[in-house]
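Both complexes shown next keep chain A, but they swap its partner, so chain B is in the first and chain C is in the second.
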Partner chain A sequence: MKHRTFFWFFLPTGLAMLLFIAAPIVSVVLQSVFAPHEAVLETVETCTPFRCSEETAINQEATRALREERPLGRFVGLDIYLDRGHLAVAEVAEAWRSTDSFGAFFSELGDLPFYRAMGFTLTYTFTVTPLLIVLGLMIALAVNALTQWLKGIVIFFSLLPMIVTPLVGSLILFWMIDNRGVLGNFLSWVVGDPDLSVKASTPLMWIALIVYGVWHAAPFAFVVFYAGLQTLPEDQIEAAQIDGASRWQQVRYIVVPHLMPLVTFVALIQLMDNFRVFEPIVGFNAAAHATSLSWIIFNDMSGETRQLSAAAATSVMTIIGVAILLSPVLVRTWRDFKGKT
Partner chain B sequence: MASTALRAPRSLRIATYGFVVFWLILAAFPFLWTLWGSFKVELDFFSIADWTNAITGANTERTYGTAFTGAGYEGAWIEEEFWRAVINTFIVCFFVVITSLTFGTLGGYALSRSSFRYTFWLLITALIFRAMPPITLVSGYLLPFFEWNVWGILPTTIIVLVAINQPFTLWMLHSFFQNIPKELDESAKVDGCTQFQAFRLVIVPVMWPGVITTGLFSFLLAYNDFAVTSMLLSESNRTMVPEIAAFLGTTYTEGNVMFAVAAVVSATAPLFVLVMFFQRQIVSGLTAGAVKG
Partner chain C sequence: MFMKSMTAAGILAVLSSTTAFADSHGCTIGARVSIVGNEFPAIQTVGAGAQECTGAEVSTNLTADHQEINVPGMQGNPAEYTSAIIANSSIVALMNNDVIRPLGDLVDAYGEGLNSNQLITIGGDVMAVAFMANAQHLVYRSDVLEQVGLEPPSTYEELLIAAEAIRAAGIMEYPVGGAYAAGWNLAQEFNNMFLGFGGVHFEPGTAVPNVNSEAGVQALEMMRALSEYMNPDFLTHDSNATNAEYRAGNIALMNMWGSRAATLVTAEGVPQEVVDGFAIAGPMTVGGGDIPASTLWWDGFTVASNISDEEAEATFIAMMNGIRPDMMQDEDVRTQAVWLIPGYEPTPAAIGVFAAAEAGTIPYPMLPFMGLMHTALGNELSDFMQGNESAEQALADVEAAYTAAAREQGFLQ
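And now, the complex of A and B:
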């Protein structure tokens, strides 16, 4: 295909991505190093017949002029990144000096919004991903042993948790684990504590969010692994059976190695997707116990005072986090490409 | 594997079936429970006294005379005007799917037919864009959109969702078009067609299976989005998902949780139908990326 023809074919999609993905990234980075102008203050002396007094007032005109002249705001460099709402360098240094054990240091860190969110985001990402892979693999192996007509029904119901809107799915689970809901009731009956409430306990809330994450994403792993099982090398299994391999050994030494590339694929995709965890925190109303980077961005932007600079700084740091998680995928794609040509 | 399954010892077979049943309950029970409960009053759905009330509907019967009531749906759809959000959602989804498929087929086709090095870099860029959480882009949209006075209306959201959709659409359609033999459109070009004519007359008629699969995922992305729609739409233009989130703010105080429950069930129903009809396409779309690596 000629360059010219390619250009016209690619123009609509290229333009859409340039204007609404590439440009916003630049705009986010710019916003994160500019803060809104402070109002221009001026001191006015007002004199009454008896005495004179000095008053500080906002000079509306000058403020407006300044805002129009430089709409981005004033350049503050990395100040926003280093302030208390983000990396909180001063507070971390202070905590490091004043605490004498790692435990105390980390608990001080947990009071800073960014590190609190980071703590939950990383815990969520690195517990949900392995759990969903294990659960997905177990479902795939079990469903593969079923008769044909049952498979269709099981796959139908299995797809539901994944396809459902994340906010809706988390609400559905949240209403069940509410202390007046059916699972909440069941839990307090099991524990024997009628006042047990998931909403009031941080560890229980974290567990509930992780359970939601696994419930939501396991079907994806299941479908991918199930497709992989259809191409299982039959002769290798037979050879292993002749050699007297037990069922567990067959799974351990033939099935799992065969699925390994798919496991890597699912792990890489899910690490990136779980890192952006957001909707369940809104759905579970869990902000008091667990926050994530995406949630901080959302929280900064919503409400009357849209703190765009703060949101932009967190956005840039989230993008850096995603980039770190994405790098193995890029290396893999690069190798594939090298292999092809 | 069927042959090995037949020879499986009884204990293993029971364990397998037990596990499948356990997973089915885990996957389906929350939906059935919420569907059933949406026809009850709040005191039944959230029952402190006795959880069986949620099944039998004791309080619902006391209030309305029957064990089922549509009060939640009436409140959500008519009182809170949820139907507006439903209409908005379908407008957004319709235009997002149509536009992103049009852009995506043209771009994906071009990428699959060009052998220059820049196609690889374009695909890599698309992959990086696909990994961006949409919410990180939103703060970049807000200022310009306020400035140009286009914030809060449906077309803006549609264009943004189309753009966010493009990387994924491009990848799906690119790999799909690569499976259509190049000889097809090249022979058309030999016969005197331009590249575009070859695309329109030869490729378009055979591309529908891939386009439908990709379209399903575009639809799901637009339908399920919360971050973009909740930040970019004004109150009167909200789609279903941000509307449900807004319900939570008001209903928890007013004691009308059942409105939100009814709205949630209403928002799940179309997805249920979608999976029913397009299960095969969804499964093939999910595995397409994986099996190819």
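And now, the complex of A and C:
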């Protein structure tokens, strides 16, 4: 394609990307290095239906003057990235100095919101992603082996977890694992402990969230792999069968290599999605046991006082985190691309 | 004092209500009105009342997520919302962002008949008009307490004794309901207990945190003791969940919002013994203190500053129509809340909130940085409640988290 043609061809997409991807990212980065002005506080008489008292309030005139002078707020550089709510540099250094074992150091780290969130997020991402790929592949192979008239119904039901709104899906599971719910009751009957509560135990809650994550995302992998299976070269399979390859060998040496580009695609999308795990934490009311970067952003924005700068800093860190996670896959894709040309 | 002024207002309103009723439908406005607020029944009633006005459009957006949209919706010029219905906790965010106007002139012109205690004044400016009061207080099962031969508890220590008696009698395994869901609810229960032990959240006149104190530790230890008698899932139970537990007959004692208590057993399918045993009492004290371990709340309306004077005027008139005294004639409306509106006669469901006000319960702190403290408490206390760390450590974490947030927001240097 001529450069000139390419330019006009790409222009609309390029503009849309600038407007909807680049501009918001620039705005978030800007937001994260500016914080609200220092509040000018004063003590004033405050009367409510119950009583009058002397209370601290913000001096509106003085604050308004500050805002008009510098509408972006106060420039704080990387302060917010380094504070306790984020990378907590000072606290981590202190924990390193004051602890004498790795165990103690990591338990101190778990007390800091960012590291606690990363602990769960990474565990979740790296268990859910492989599990859902394997499960999706198994479902796809099973469905592909069905007779034609059964396929439609089975495909529909296999897709249900993905069709159900994430929040609703997690709420359903949340009620089922309640210690008075179906699954919760069943579990406590299995282990013979009537007081067993999934929601009160951190490890069990993590497992519940991971099970939910796999349940919710496996249909996506299934659909992609099922589509891939339709392009499976029949002659290779037949040749393998003539050579006496078992079903497992056929899958291992023909089906999986054929689907490999799709596995990369699913892994890419799901790594990104799982790193931003959010809905199940809210749906399961699981914030006491598990948090994620997305949950921290939500939490910063939903208090009585919205912490825009803190939320913006966490957003930038999420973008960086996703970029780091995807880098091996992206580098591979780039190499493949270079290899081909 | 509170009770007295409310009763006096009640008598006055009975005398004047017939005339008020006659001219209630004369509400005409000349500019658009747009209201954002919470969605519970009392606020729905106020919103519907404002919408009765004719002459210009009155729209409402009543949602549980009102706090997340009211500030952005009022920051523009002109503001999308001309009025936000808020409580003493959430007015702070509007004031911090300078999006609501003083109402003195509008009260003078159109505020006839308002009780003086309805006017929320800050530094001499009327910033909101309150129309209802709220507090958390004891809700219990009188039949269950009778079975174990105990009076309704007036202190948390007595509540622990009652809970143990109910468990020992084999009536319920987890007789105490607690809205201890990590986040806002857990922080609120801590606030209650902390104030009950005589705690003060901040060093006076400053934004410096003061929760890592003896009162803080005592409050957490009492919460831990209570949690022994709660459903093990308590860290996921908000006040909706504890209500459901009460309705199902699973709990006998809980601290519940006045605004929810009135309708607690009116839901469908509540067992008869729960309906019959339903009883309300005032909030409990703790640790031998005389101030209840609870907080007082008010709900009221504000008017946006980024709108024209005509719109502000129309908004105020419409909102006044939403809280007009003759609405207090309606039995259903009366039970929806503890109204501060002249002419309100308390229903039996209101005794908990009245008892809270009479016992000198402290109003929820209306401080610019209280929201940050509330968020920090909600995030950091769950580790203690799970037994993962000491009370002192949890409170130190709260102060550290609060300090980081307060630095960012410019309240601390």
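Things worth noting here:
In this section, the second predicted complex is superposed on the first by the 281 of 341 C-alpha atoms of A that agree within 3 Å, B and C clash if a C-alpha of one lies under 4 Å from a C-alpha of the other, contacts with A are read in each partner's own complex, and residues count from 1 in each chain.
We adopt the following convention: a residue touches a chain if its C-beta (ideal position, glycine included) is under 8 Å from a C-beta of that chain, and two chains touch if they have at least 3 such contacts.
Not measured: the values here are computed from a predicted model.
In the superposition on chain A, A:V223 makes contact with chain B only, not with chain C.
Once chain A of one complex is fitted onto chain A of the other, the partner contacts of A:F284 are limited to chain C, with no touch recorded for chain B. Once chain A of one complex is fitted onto chain A of the other, the partner contacts of A:T318 are limited to chain B, with no touch recorded for chain C. Of the two partner chains placed by superposition, only chain B is touched by A:P12; chain C is not. By the touch criterion defined above, A:S302 lies against chain B and chain C together after alignment on the C-alpha atoms of chain A. Contacts of A:A267 after superposition on the shared chain: neither chain B nor chain C is touched. In the superposed model, A:E45 lies in contact with chain C only, and not with chain B. In the superposition on chain A, A:L173 makes contact with chain B only, not with chain C.
In the superposition on chain A, contact of A:L187 is made with neither chain B nor chain C. Counting residues of chain A touched by each partner, chain B versus chain C, the larger count belongs to B. In the three-chain superposition model, chain A touches both chain B and chain C at residues 178, 285, 301-302, 306.
For chain A in complex with chain C, the touching residues are 35-39, 41-51, 55-58, 60, 63-64, 67, 74, 76, 79-80, 83-85, 91, 111, 113, 174, 178-179, 195, 197, 199-200, 202, 284-289, 299, 301-307, 309-310.
Residue ranges of chain A in contact with chain B, taken from their complex: 1-3, 5-6, 9-10, 12-14, 16-17, 19-28, 31, 71, 138-139, 142-147, 150, 152, 154-161, 163-168, 171-173, 175-176, 178, 180-182, 185-186, 215, 219-220, 223-224, 227-229, 231-232, 237, 241, 247, 261-262, 265-266, 272, 275-276, 278-279, 282, 285, 294, 297-298, 300-302, 306, 308, 311-312, 315-316, 318-319, 322-323, 325-326, 329-330, 332-334, 336-337.
Listing the residues of chain C that touch chain A in their complex gives 2, 67-68, 71, 88-90, 92-93, 95-96, 98, 117-124, 130, 133, 181-183, 202, 205-207, 231-236, 238, 296, 298, 340, 357, 363, 365-372, 374-375, 379, 382-383, 385-386, 389, 393, 397, 400-401, 403-405, 407-411, 413.
Considering their complex, residues 1-2, 4-5, 8, 12-13, 16-17, 19-20, 23-24, 26-28, 30-31, 33-34, 37, 45-48, 51, 54, 102-104, 106-107, 109-111, 113-116, 120, 122, 124-129, 131-133, 135-144, 147, 159-160, 162-164, 166-167, 169-170, 195-196, 199, 220, 223-224, 226-227, 230-231, 241, 244-245, 248, 257, 260-261, 264, 267-268, 271-272, 274-276, 279, 282-283, 286-287, 289-291, 293 of chain B touch chain A.
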